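Got some structures for you, see below.
Both of the next two complexes hold chain A, though its partner changes from chain B to chain C.
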Partner chain A sequence: MEIKKFVKDFENALDNVESGSFTPETPLNTIKQLDSLGVLSVIAMMHKQYNTKIKGSGIKNAQTIFDLFNLIQK
Partner chain B sequence: MNDIYSLSGKTILITGASSGIGRQTAITLSEAGAQLVITGRDEKRLNDTFISLKGDGHLQLMCDLTNIKDREDMVSKLPKLNGIVHAAGVIDIKPVKFIDKGDIHAINTINYQAPVLLIQALLFSKLLSEKASIVFITSISAHLGAKGFGLYAASKGALTSFARVLALETASLKIRVNCLAAGMVKSPMFDVTTEAISEEALEDNEKLYPLGFATQIDIAYGVQYLLCDASERITGITLTIDGGYSIS
Partner chain C sequence: MACKITKIEYYLPSMILDNTQLEKEFSEWNAAKIEEKIGIRNRHLAAECETALDMAFTAGEKLLQGMDKQSIGFLILCTQSPDYFLPTTACILQDKLGLSRTCGAFDFNLGCSGFVYGLAVAKGLIYANITDKVLLITSETYSKFIHSLDKSNRSIFGDGAAAILIEKSEMDGIKEFTLGTDGSGYDKLIVKTGGMRFPNKENLTELFDDEGYFHSPDHLFMDGSEIFNFTIDVVPELVENTLNQNRMTKDEVDYFIFHQANKFILEHLRDYLSIPIEKFYLNLLETGNTVSATIPIALAECLQNCTLKKGDKVMLVGFGVGLSWGGCIIEI
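Coming up: the complex of A and B.
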């Protein structure tokens, strides 16, 4: 599982994000696109593309994109 | 209470009675004197509802409404009905860009197809008494936009439109058909929403409800009204129970 691909999928899940905007270390609380619809989009992306079910609180508890990557069921 | 609100002498079928709004409605209607036929997919939880019912002579029938054989079996065991409450339903919260064909099929099969096909079978078998009352539990999301609720809103919207046509087609039998549109209600479905959206976001959402979120009992009393003789001239409407959300 590659973190680079995950960051790309994360960017793609959100609206108004240019490719290459984020790194694995980008703090989630600095991503303004991660509003209520953004959170739903990331949940749906992780379910559809990574077969991982997370909750809204799972995103709230994560600090960075890398933390979300670590939630993927390997 | 005035007798006109009583359901004594009425036999009512409730789908989705093993949990949530369906379960609470079953209990409330039994307290109002109704004879109930409750259905659900989970045997243990359905029985939990059954033993919570007040009065005697109720019936419980296990049934997966999306399964044609289950549905036919259940219909063959039904007595003549004075009312139906369609509370069986599921929710799937997902932005449009992640929806696929399977998601649409899954939610519509339970929220839309199942009640339509059940009503078809009941009408065809003439199992609805004259003056019967049909109540569909729908949602304010059928009329309002809520991000992520596309699948759910569309399934309830379809049911709402269907109900109006059914109301006209059954009017000559004095059968009434109404929807009860719930806003956010504290129920197992609420917990699914909380998981997806986060508790903080829901707390913010509740501030948009002038009277706060409705409870399952609020919904059950609304259903009782639509089933009893006090509402015998009411058909084709949607009764909204949303703590004032729609007007805020």
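Coming up: the complex of A and C.
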């Protein structure tokens, strides 16, 4: 599975994010679009596109987009 | 032996909280964005002196208009905001509605799955020959549990009551059920204090956690991401099991009415389950999430605007606080 595609899907899941805004290393706490609805949008994206159910705490504990990607791999 | 739903009425309180008001109170909130994301523009709120009993009474009175009240053999009230710890609100309601003294009555405490559970109990009472006619009422005033600073829950929930008549019939109008529970998630949607476990209010002044999420034990708390996770975990399987239980395929279902939690959840579920948009109810624009009343309100609307016609097979799906869930098929 490709991290590049995941970052793109992550960007698409959030409102008002231009393509290429983030890298795998982008810290999640710097992403202002990741508010309560943003978190739900990311959970929904991971469920639909990757058939993965991520607990809210899984997202809260993740530091970067790459950490989220690793949750899918598990 | 069979039974069916023969009448539905509902009541929404007159006071309205709209998105513009929410935007005024919370500068970071945007009225248009609320509507776009959660599909809600207005919610009706019970007046300060108006309780779930009052709303249940109004809905019940509407339903009983022109009917022989003495023919009701059982009254079931679904509420999580009862007037008293005891007695059960349904007993007071029996008297207020002028139902017979031979009428059985009780409350049950469920939220968004409550209507489906109420139908299951009503069917059981009729099949066990305990009565021919059950009046099921769902009535909820979550607004009274919500803190004024809790913008998320204030945006989502509205108050409302619905009254549903279930009668013994020739036609099998209430088919098979799938029910489920996972109490390990009890604290994901909860009003923690005020019951016997934690009788005293904590009166906290710090109402937001480290991440800025509202959290008060004295008020309604909902862990939005965990509830969303629960929903996507449980509902697809619930739909499949309900189809299997009824020996039906998804294509044989004419219409799907899920608990109207919010637009975001419903659109994700519809998309994930590949349910055609024209067979899927989504309308909480003027009511918000009225907890156990959303499904009967939806049914009443669909019957009124002829979305549903005689013979249609409809899947009803409820899910939420408990955690609790239930699905069934009804025939119009």
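One rule holds for everything that comes next: the second predicted complex is superposed on the first by the 72 of 74 C-alpha atoms of A that agree within 3 Å, B and C clash if a C-alpha of one lies under 4 Å from a C-alpha of the other, contacts with A are read in each partner's own complex, and residues count from 1 in each chain.
By definition in this document, a contact is a pair of C-beta atoms (placed from the backbone, for glycine too) under 8 Å apart; a residue touches a chain by one contact, two chains touch by 3 or more.
Note that the structure is predicted; figures quoted are calculated from it, not measured.
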item: Touching partner for A:28 - first (chain B), second (chain C), both, neither; value: neither
item: Partner chain in contact with A:55 - chain B first, chain C second, else both or neither; value: both
item: Touching partner for A:44 - first (chain B), second (chain C), both, neither; value: both
item: Contacts of A:36 with chain B and chain C, given as first, second, both or neither; value: both
item: Intersection of the chain A residues that touch chain B with those that touch chain C; value: 36-37, 39-41, 43-44, 47-48, 55-57, 59-60
item: Chain A - residues contacting chain C, complex; value: 36-37, 39-41, 43-44, 47-48, 53-57, 59-60
item: Residue ranges of chain A touching chain B (in the complex, touch as defined); value: 36-37, 39-41, 43-45, 47-48, 55-57, 59-60
item: Chain B residues within the chain A interface of the complex; value: 93-95, 97-98, 100, 147-148, 194-201
item: Complex interface listing, chain C residues touching chain A; value: 37, 152, 211, 213, 223-226, 228-229, 232-233, 264, 268, 271-272
